[in-house]
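You will see chain A twice below: alongside chain B first, and alongside chain C after that.
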Partner chain A sequence: MALNKSKRKDNQIRIALAGNPNSGKTTMFNELTGSRQHVGNWPGVTVEKKTGRVSYQNFSLEVIDLPGTYSLGAYSEDEIVARDFLTAGDYDVVLNIINSSNLERNLYFTVQLLEMGVDLIAVLNMADEAEKKGIIINKEKLGQMLGTPVVETVASRGRGISNLLEKTVENRDLSETALKIDYDSELEALIGEVVSMLKEFGFTAQISHRWTAVKLIEHDPEAVKLVEREVGVSKAKKIKSLIAERELKAEDDFDNIIIDKKYEFINKVIEECVQRPEEGQEPENVSDKIDAVITNKYLGIPIFMAVMWGIFKFTFTVGDPLIGYIEAFFAAAGTWIGGLLTGAGVSPLITSFITDGIIGGVGSVLVFIPNIFLLFLAIGVLEDSGYMSRAAYVMDKVMSKLGLHGKSFIPMIVGFGCNVPGVMATRTLDSKRDRIISILINPLMSCSARLPVYVIFAGALFPNHASTVVFSLYALGIIMAVVMAGIFNKVLFKGERSHFVMELPPYRFPTLKGVFIHMWEKVGAFIKKAGTIIFSVVVLIWVLANLPLGVDYASAESLIGQFGQLAAPIFEPLGFGSWQAASSLIFGILAKEVVVGTLGVVYAAGEGGLRAALQTNFSPLAAYSFLTMVLLYTPCIATLGAVKSETQSWKWTIFTASYLFVLAWIVSFIIYQGGKLLGIGV
Partner chain B sequence: MKEEILLSKSLEDYLEVIFHLSNKNGSARITDIASDMEVAASSVNEMIGKLSVKGLVKQKKYGPVLLTENGAVYAKKIDCVHKIIFKFLYGLLGVKKDTADHDACLIEHNVSYQTVEKLNQYLIKQNIIDEDDSCLSEFFVNNKEGVKNMAADTKNLNLNQIDVAVEAEIIKINAKGKLKRKLMDMGLTRGTKITVKGKAPMGDPIEVKIRGYSLSLRQNEAAEILVKEV
Partner chain C sequence: MIPLAMLRPGETACIKKIVGGRTAKGKLTNLGFVTGKKVKIYKSSDGPLIVGLGDNRIVIGHGMAHKVMVDTEGCEN
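Let's look at the complex of A and B:
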């Protein structure tokens, strides 16, 4: 196939890595390309494909790592990316990475590719794991039966890589005929009829007619769309009704028969090419033993809690001092450059723009990096070791009661540290619905940046119950998250159902290289995508705080101050209708901890004076209402940046920002007005 | 608790037709069933599918339909009820033969065990049925619970009813749409061996071993997979 190849030089080869998740595809990619890779955003798609380069002999190989997928059926966004790329055909050779120790299921995808006519090399990866299991594969025979070159590798140890490169270069102009699986006579007859109808209707897409016919018979929506596009809706309908008519008479649904036949073919291949140890002779399965402990009825949840606590602790105890260094660095850089600029006679406005705006802005983005870095390091270890899917397995019951998915717990736990990595951690969710809900409720997890606000208010107004007040806010956040998850589940995504059909891969030791590359990718993506959005908003806020020209930074006369005055009446029913409170909340969108700093500025009080200022300006009830607002309202710019980059949608970003504001207002209103009625803390 | 098998009227009719055809020819072909029932082959297929899910009939692909042991018991039982009612209508009341047969067909699906039993006794007293020859004694001697309980003891279970570490074989995926497709793509196809390896701390989801790897499923997803213990 591969007729849609774009023009490349003779010595350039484009290869794509495709295969099941947990087949060692990413390890293979890292092994092939080393550090010469980058995360690229491909036009028109929301999920990244990674590309890298490697030179071999006189050839330059462009390697594309496609998301792992079990079939060409395409369910999740990841799988659609892989499928679209593979069907488009703009590559020379596909390296189909196969987990040798689980040939049966891996070959299902291989067979689908071969049926489509993809030129591929079957890479029997993880050969060592298969050996350990006592599985012996006859490569020559396998190659014959599949009609494709077969190479054996152990990517994690670099074994077989040069052989693979050699074979890739050798087979760069591979032109395989599509594998033909014999479906039973009745189905074959129908395939023949559909093929001739396609020909008659002038179907010219550069995809095998037989493959298209089989896909149509399977009711594959993409194939239907393709044919409708090529021959027109009315002719496509003729084919569809022929298939529907036959299916009524058939013994079973056609897709059942087709999948059955594919597996039948695979079983035959396995029978002839694979030697497995006799029953009872298999080496003991270590994964099963570990599972018996980790998913144990009594130990499962305590172990999960301990692991989560460990990640949380690791991310934020190791990360926070680093954050301190970064903050100190940017503060120092700001002062130093500010000094230089002033010395050079640059106008104070421009100096302030550079120091407060640009350096401060970049700083506010970079400050999150240590946490994100460490968090993804920890997540990488959990993912590569195989624990992550077990954690989801253990937690699914609880989470699905909340209308979420087993995997949604990670973002929620992470959110307590910082919502930015929390939102990013939703990537592990396959279903769009689960992912969006998890993103929407993530800001309700009270992040560490909100803590300073709670602490100062609680200290000033609830000196005897400070910790209770802080704790109650965390609890309120969780309650609201549960409530909102329930509402979104019912209102936004009515009827959509997620499933928990998930592979539990064998436990493996994560490799340092794999984990680090994984981590770099995530951090790099954050800096690139979220950075641009955060940065521009930071600059915007600086501008608003400095306009009109000549006002003091963030004073009542500045645009921000004026907005504060304008917005104040909104907060009147909540008990804090002053312009100071309002503008501190506006600045809080920059970063939640900034609320404290802003209050200090607008009340013209130092750190010590602020307590007194708060005591005179807030009643305890109003303070609690204000804290509720801080907990629940519009998340910080960095979080919104992450929401935008993760959902790829302004709609969801704006929705997140606005629904949280409305929710915060309502809850604060109930608390303040309710408290007033009951005469508590007035 | 094992699910009690209760068939709809039309499914019972199908079972009866298959029963009679099997008695005549050893097995029942789809086309014969269709002509007996005066329906299209496609609707026969649908019904056979339903019966096979309940483990009452089996069918090799494109082959004839065979009654399973449970299916035969169930069919014999309906047939017996039919005979008793027919004898009552035709032999005692003197209803015309065709009408009696037709009405017996309608009544047999909705009549209680008690009524059938009393009717049987009455017909024996009236010498219309020979006591030793009564089909009822064969089936209902030890069963006071009800006519329809007889076929309940089937070995087909849903995957969520299978105990941990018991090997089972997949008979059918009852799920629809995306879930069905996903399950089949993951290798859960007819005839595949599957073992429940364990359950999550709260009993849901479950972990199964299939085709040499581990897969997790929620209980409600497992409930859509019909299996039999091997």
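Let's look at the complex of A and C:
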């Protein structure tokens, strides 16, 4: 197939990686492309698209990582993305990454690719795991039966990669004929009729007519849409009624027959190509033993809590000393450059712009690289080790009380890193109701951008209890998320529980390379954000702090002071009615880290000086109330953007922005006024 | 035939039929719930079930586990 190739130079090859989740596809992608990766989105949807490059011999290979999917059945957005890419045919060859130790289920996807006519190389990955299980695969035979080249690899150890590249280059002009599975006389007759109707109606799409016919018989909504587009609704209806008519007469559902026949073929392949140890002779399953403890009825939740606490401790105990160094670096850089500029006779205005504005503002954010680095490291390990899906199982008990199921917990954990991928991760949930509720509560998961604000306040005002204060904020976020999910479940949506099935992948040691690439990606994004959005906002704030011309820098009379004064009365009952606090919250909506940057500017201080400024301007109680506000109030623009694109609705976006502000105000009010009544921390 | 949801931990059965709509059926098939396959229950309490399909371990909610019809006699016909 692959008829739609766009023009490329002779030495350029475009390959796509396709395969099941947990087949080692991402590891393979990392192994092939190393750090030369680009992360973007597939056009029109928020599904992440990863591309990368690798050179081999004289060829330049462009590698596209398709979303991990179990089938091409269009049951989720990911599957539709993968399928659209494959039907469009703009690639040279597909590497179908197969988990060798789980051949049967992986082949279900392979068979679907082959039926579609995709030119692929079957990559038997995780060959070491298969070996450990005593599974022996006859590669030659498998290649014959599937009609494809077969390569064996262990991506996690880099084994077989150069052989794979060699085979890829060799097979760059592969042109396989589509696999034809015999669906029995009754169904074959219908397929034949549908194919001739498609021809008659002038169906010209590049995809195989037979494949389209089978998909129509399966009532695949995407295929129906495609045919309606191509031949018109009324002619498509004729085909549909023919199928419906036959289905009424048939003994079994057509889709059951189609599935059974596919599996019949797979079983034949397995029987002829795979040797397994006798039942009872298999080596013991280590994952089952670990799971007996991890998913235990009584131990599951305490273990989960301990893991979360461990991650938290790790992030801070290891990160904090490092923060000190970076802080010292920026302070020294500020003084040194300031002195240099003054010495060179540069105007005080420009000197202030560079030292207070840029170094003070951006520096106060960059200081937190170590924490963010470590947090994403921990989340990466959780994801890659297989613990994440266990956490989802364990938390199902709690989540189901809120009308959600355990899978909804995964986006929440991701949200601790950043709410944008957190909101995007809700895509794995299938009911619309689950998705909306999960999106609405995701911003309550305290993301890494809020961390700088907590750390600086906790350090300044709660020096002896800093980590307890920060942890309490994380916990408060989770509690509010649970409360809000419960409320939304009762008030906004009723009934309708969704389909909960999820794989528990075997536990694996995360590969260093995989975790580091994951982490670099996120830290890189953070640095980029600091260099672009945060930098621009800091410049904007500095400008506002200097206007109108002639005012004292960052004084109450400057524009920023006036903004702050306008908003300050709203925050007065919460204990922080100063214009400085108000303006930092306003600008914090652009990016939460900016709260620190703004405070740095308006208190006209670098990192060390800010601490002192906070101590004189906030009581501990007011500071805690302020942090609660920062935790809960309107999420940053980027998160709201993700909410908009995931819900496809302004209504939900505006609702998210406003309900969170109201919630934050109420909770801060209770904390501040309650604390004042009790006389705590005033 | 009884629904998978009725089995107790340690029991094995043979999948006989998947009932339910297109999406539910599709998701179950994706994860390997197919007629003629052996399934073993690892955990079943008030929460979702953990079942084994070959070497795979799958978490399945009660609702979905009612859509998988099994025969406790096993797969030998």
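The working rule: the second predicted complex is superposed on the first by the 383 of 682 C-alpha atoms of A that agree within 3 Å, B and C clash if a C-alpha of one lies under 4 Å from a C-alpha of the other, contacts with A are read in each partner's own complex, and residues count from 1 in each chain.
Simple rule for what comes next: a residue touches a chain if its C-beta (ideal position, glycine included) is under 8 Å from a C-beta of that chain, and two chains touch if they have at least 3 such contacts.
Please read these numbers as outputs of a predicted model, since none were measured by experiment.
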Task = Sticking to the clash and touch definitions up top, decide whether chain B and chain C on chain A clash or fit.
result = clash
Message = Under the stated touch criterion, which partner chain does A:D184 make contact with: chain B (first), chain C (second), both, or neither?
response = first
Request  = Could you say whether A:N138 touches chain B, chain C, both of them, or neither, answering first, second, both or neither?
outcome  = neither
Query = Is A:H405 in contact with chain B, with chain C, with both, or with neither (first, second, both, neither)?
reply = second
Message = Contacts for A:K397 in the overlay, against chain B (first) and chain C (second): which applies, first, second, both or neither?
response = both
Query = Which partner does A:L504 contact after superposing on A: first (chain B), second (chain C), both, neither?
reply = both
Ask   = Any idea whether chain B or chain C touches more of chain A?
value = B
Task = Kindly classify A:Q565 by the partners it touches after superposition: chain B alone (first), chain C alone (second), both, or neither?
result = neither
Inquiry  = In the overlaid three-chain picture, which partner chain does A:I301 touch, first (chain B) or second (chain C), both, or neither?
reply    = first
Task = Using the superposition on chain A described above, determine whether A:G73 touches chain B (first), chain C (second), both, or neither.
result = both
Task = Touching chain B in one complex and chain C in the other: list those residues of chain A.
result = 70-71, 73, 75, 101-102, 104-105, 108, 255-256, 259-260, 263, 287-288, 291, 295, 297, 389, 393, 396-397, 400, 406, 497, 499-504, 506
Ask   = Can you name the residues of chain A that touch chain B in the complex?
value = 70-71, 73, 75, 101-102, 104-105, 108, 184, 186, 248-252, 255-257, 259-260, 263, 287-288, 291-292, 295-298, 300-301, 389, 393-394, 396-398, 400, 406, 497, 499-506
Message = Show me the residue ranges of chain C that touch chain A in the complex, using the header's touch definition.
response = 18, 22-36, 42-43, 45-48, 50, 54-61, 63-64
Key: In the complex with chain A, residue positions of chain B that touch it   = 41-42, 45, 49, 59, 61-62, 173, 178-179, 181-187, 189-190, 192, 197-205, 207, 211-218, 221
Query = Hey, which residues of chain A end up touching chain C in the complex?
reply = 70-71, 73, 75, 101-102, 104-105, 108, 133, 219, 255-256, 259-260, 263, 285, 287-288, 291, 295, 297, 389, 392-393, 396-397, 400, 405-406, 430, 497, 499-504, 506
